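Following this line, the structures themselves.
In what comes next, subunit A is part of two complexes: it sits with subunit B in the first one and with subunit C in the second one.
Up next is the complex of A and B:
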């Protein structure tokens, strides 16, 4: 089962090797060898990290590497589109360095390290023994060797016409890394990106627009709110995230599309002149293939992030009622074992109002009762996966240890009394808490946060 | 010494049981104007189609411009035709809904990329500067054939093939077209192979070969 889960990651890495082989055409041996080494280092290094720092630190390191690579891609894409306008950019003076074996090796090694680390993040936690470590390193090495040489053989089959620019190579490598990582919840970048965009937009509207619209500004009147409401729309974070997600690939594709054709004015014979032009146009078209494919890979990454294939523990809320005193009692041991470490959802209705909440025993043995909603997001509720609680709306992972603490995207805690045989919750307080939370995110009913 | 642009040895073409071209050995030096004569069904057009890469021989060897046409794939043959050969047919085969200049640009498009200025210039060279925007239906037979010539030479072919290009033209137009071809050949230095029934047209060439029932029966060198 683990092997099946690893297949997409390994194929992504093989794709990266193939792109690198195309991107550094004269450096096949260097790229192959450094890719294999990088992959093995990535897998074993991450394994060591997991053993040394249990918890989320290794995920954070790998995620940071992915984030930096995405930012780097952004920088390069802006620079190349700027350069395509005919202006020189000084950083491109280093292009001579890029075409060396050293650079090919470093790029292949780094990309493969990150790809290997993503693969290792997909492996289940194991107790470390020297034997496990050696077996893992050997398996990673054998796999990397086989796949790298398969990629090399495939590369030789491809027509030499399919050239890849350095920027095309970069966008493809980053796209494949992000696609590979987006299926690991803790490494996913797209959901946090959407989240940041949403928060950024909302903060901007609150902090900036309110200050100039209330009271009516000389030029900007408060009726502008009617239009600003769009910024609170259902999917502002998603669409904003999509723009940021796809822009580098589009910019690089545009820069290639606008590459200048060689000057042929000096060639007297028309047919020869046109042949050269046609060859240059065809070459440019072939160079567009990889960035355009990368757009599709970015789309796949966003899709995986939006619709993760992880199976959530998501029980149907059980209806509960309050006693005449207005108290809801939920037994610890009954049909449901509240102390099994799983999230248990309930639905309470009273006087036409309702509230959804859950009870959970944290790993440290603390019972917590929380609304199935947070103070920020649309109340889509929470599920449980991979040792975390996840917000269905923004896909934020909340470690089980922090559930029950207020703030951010955490579920809103509900006051309760723990007894030896169960928990007691004040029904009215619960309904009021739900009402004020959902009201606070009332705009969200139309969609956003 | 002038090198050969066309070399055939035992070149044969059969269509089922019918042998359209019996083994022919032929050498055409670069820059020569070769006229091919013979009556209908003698194998003239078959020979031209083979040399132009429009058809494949049944047997023998065929080298044109140093390329072994038998060894070329379909793509290779298409490239050969695109880059090496220009053809003028008796039936002009112009696209009726395109203007003269667009018809010439179409040939550029299939060769590489269209260039309207160059296409205009080619039509001006054949004396049709005033007919650029006319469609084939608005042109006389001679003018249409001149558009065909412009289309045939636009990609600077090394070999120009004419399959009875003046067959539909009156004497005056025939002379005009032949003079034009002569001028262009002097400028562009391409080799011409002209299939014709007409002795007068054949006389414009450097050499004439005669085919009869698929056999090369004789050849005649013209006086310059």
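Up next is the complex of A and C:
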């Protein structure tokens, strides 16, 4: 089962090696060797990291590396579009350095390290004996060796006319890394990006309207306000995230498309001019292949993030009632074991009002009672996946050890009393907390004022 | 000194400045996002407090000015070159420059250029040909818009001050120096406009015989004493008298209630007692105007009287009326309209408004010019048996290059007829 899960990650890495071999055609041996060693270092290093710092830290490190690579791609894409659209703009003065063995080796090693780290995040937790470590290193090395040489053989089969620019190579490498990581829930970048975009757009629109002194919603026609309200929905986060996600690949493709054709004005034979121009245009088209394919890879990553194959634990809320004193009692043991580490949802109704909440035992052994809603999003509720709960509205992952703490997209904590046989919650406080939270998030949906 | 100035001008007018500065702020935003949910506000606070960040942000408007100067100089030089007045440094303004060791026949060249839709002008030994409209005015608007937008953001971020005050009917208009006249009337009315559903006016009487009556509306906001008057929320000012069996001396004081929209609750705490009165305005019947009570001034409050956490009773009391029960008495002898208003000192707002106009103009002009009439230029100079040909295109470059090459072939054909010795 683990081997099946690893297949897409390993294929992504093989794709990376192939692109690197195309991108550095004169440095094949360096690229092959550094890719293999980078992959082994990535796998074993992350394995050690997981054993040294169990919890969220290793995921954070790998996710940060992916984020930095995406930001780097953004910077490069902006620079190349500026270079290709400006007259006499020179940005890269170190292109000669980029084509050296050193650079080829560093790029291949870093990309493979990240790819190896992503693979290691898929491995199940095992006892960290020296033997396990050695076996893992050997297996990673053998696998990397086989795949790298398969990529090398495939590269030799390809026509030399399929050239790849350095920026095209970079966009393909980052696309494959992100595609690989998007299937690991805790490494996925697209969902948190969408959530941040949603929040960023909300803040920006709010500040902008305050800045230019737009009247408040009570003075504005409701249909106008509804249009403004569209900017506060999760769709804006999704589409804004899509724009940010795809823009580097599009910019690099456009930069290649906007490359100036060679000057042929000095040639006096029309046929020769046309031949030269046609050759330049054909070469430019070939160079567009990889960035265009990268757009498809980015799309696959976004799709995986949007529709993950992970199944969330999301039990149907059980109805509960309050005692005459207004207290809700939920026993620790019985049909449901509150201490099993799973999320248990309940529904409390009183006087036409209702509140949805859950009880959860965190990995630290702490019981927590929280609303099935956060203070930011529409109350679509939470599901539980491995090591985290997910906000269904904005797809933000909340590590289990932070559930019960207020703020951000965390579920809103509810005050409760823990007894030896169960937990006691004040029904009125629960209803009021739900009411004010849902009212506040509805206001956000209506325009954030 | 001159070299230093040139270097500074070249750096300041570089196209790389805006993306680098924006990229830096973007990275800072991402960094802040790791630590707080209020990312934008934190970034704005940092920029307000840090001189370095403010200077960095100021580089963008500065760059716009430099680019404006640079592009104006280039435009004027190009015009001068096309009219044959400038000869030095002409080549670097064009995309392609070719020299052919033969002198062309000017009339033939001109007639061929005219036949393919180019306008021509001959002055001395120079033939200029052009087609389409220059995008220079669009660039001018765009750069002016960029300047205004980022200047506005800079001023707003670093110097905006806001003071929230209650503008109450019958009270003096709350200015900083206390010189505001009496607020004669606050009027909320339905509007027929496409954007605003309601209008709000605050009429302020003149302070002395020399001044005029002032009326403050919603948008665009008026200014008073250098501050924009920005109405935010509606409320009511009331004078409240309250007596209870255990406090026969009673309590009376004015209160300001930010109580709209209907249904919103506001507290009046009776000091030195366990009592608290929670007011709200009942929702009107469905289908009727939600703010009808504010518009008409016919206001009835719904209230809850609380002693500690216990609700003693609920009831209704009209403005100017009273409510009596079980020894409790609640009187509202005076109820007046109020507007919670922000007095905002911020000159950046004007720049942001101007930027919207400039960007709008640039957008409206750019699309047809770039799509339908892109600028294409050619220049042919004949000097001592040598023709220097230059070409430039804003758009449609391949079609233009085809015509340019044809002209060069035509000139070159003359060499075959009369070889240069």
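Odds and ends about this structure:
Just so we're on the same page, the second predicted complex is superposed on the first by the 412 of 449 C-alpha atoms of A that agree within 3 Å, B and C clash if a C-alpha of one lies under 4 Å from a C-alpha of the other, contacts with A are read in each partner's own complex, and residues count from 1 in each chain.
In this text, contacts are C-beta pairs under 8 Å (C-beta built on N, C-alpha and C of every residue); 3 or more make two chains touch, one makes a residue touch a chain.
Just so you know, these numbers come straight off a predicted model, no measurement behind them.
Look at A:203: by the touch rule set out above, it reaches subunit C but stays clear of subunit B. Of the two partner chains placed by the overlay, only subunit B lies in contact with A:278; subunit C stays clear of it. In the superposed model, A:309 lies in contact with neither subunit B nor subunit C.
Of the two partner chains, subunit C is the only one touched by A:408; subunit B is not. Subunit A has more of its residues touched by C than by the other of subunit B and subunit C. After overlaying the two complexes on the shared chain, residue contacts for A:270 are found with subunit B and with subunit C alike.
Of the two partner chains, subunit C is the only one that A:71 touches; subunit B does not reach it. Note: residues 270, 273 of subunit A belong to the subunit B contact set and to the subunit C contact set alike, using the contact criterion stated above. If you check the complex, the residues on subunit A that touch subunit C are 71, 75, 78-79, 82, 86-89, 91, 196, 199-200, 203-204, 207, 211-216, 218-222, 224, 260-261, 263-266, 268, 270, 273, 376, 407-408.
Taken together, the subunit A residues at the contact with subunit B in this complex read 269-275, 277-278, 281. Subunit C makes touch with subunit A in their complex at residues 15-16, 19, 23, 27, 29-30, 33, 37-41, 44, 92, 95-96, 98, 156, 194-200, 218-221, 228, 230-234, 260-261, 291, 344, 346, 348-349, 352-353, 389, 391, 398, 401, 404-405, 408-409, 412. Residue ranges on subunit B touching subunit A, taken from their complex, read 83, 108, 111-113, 115, 118, 154-156.
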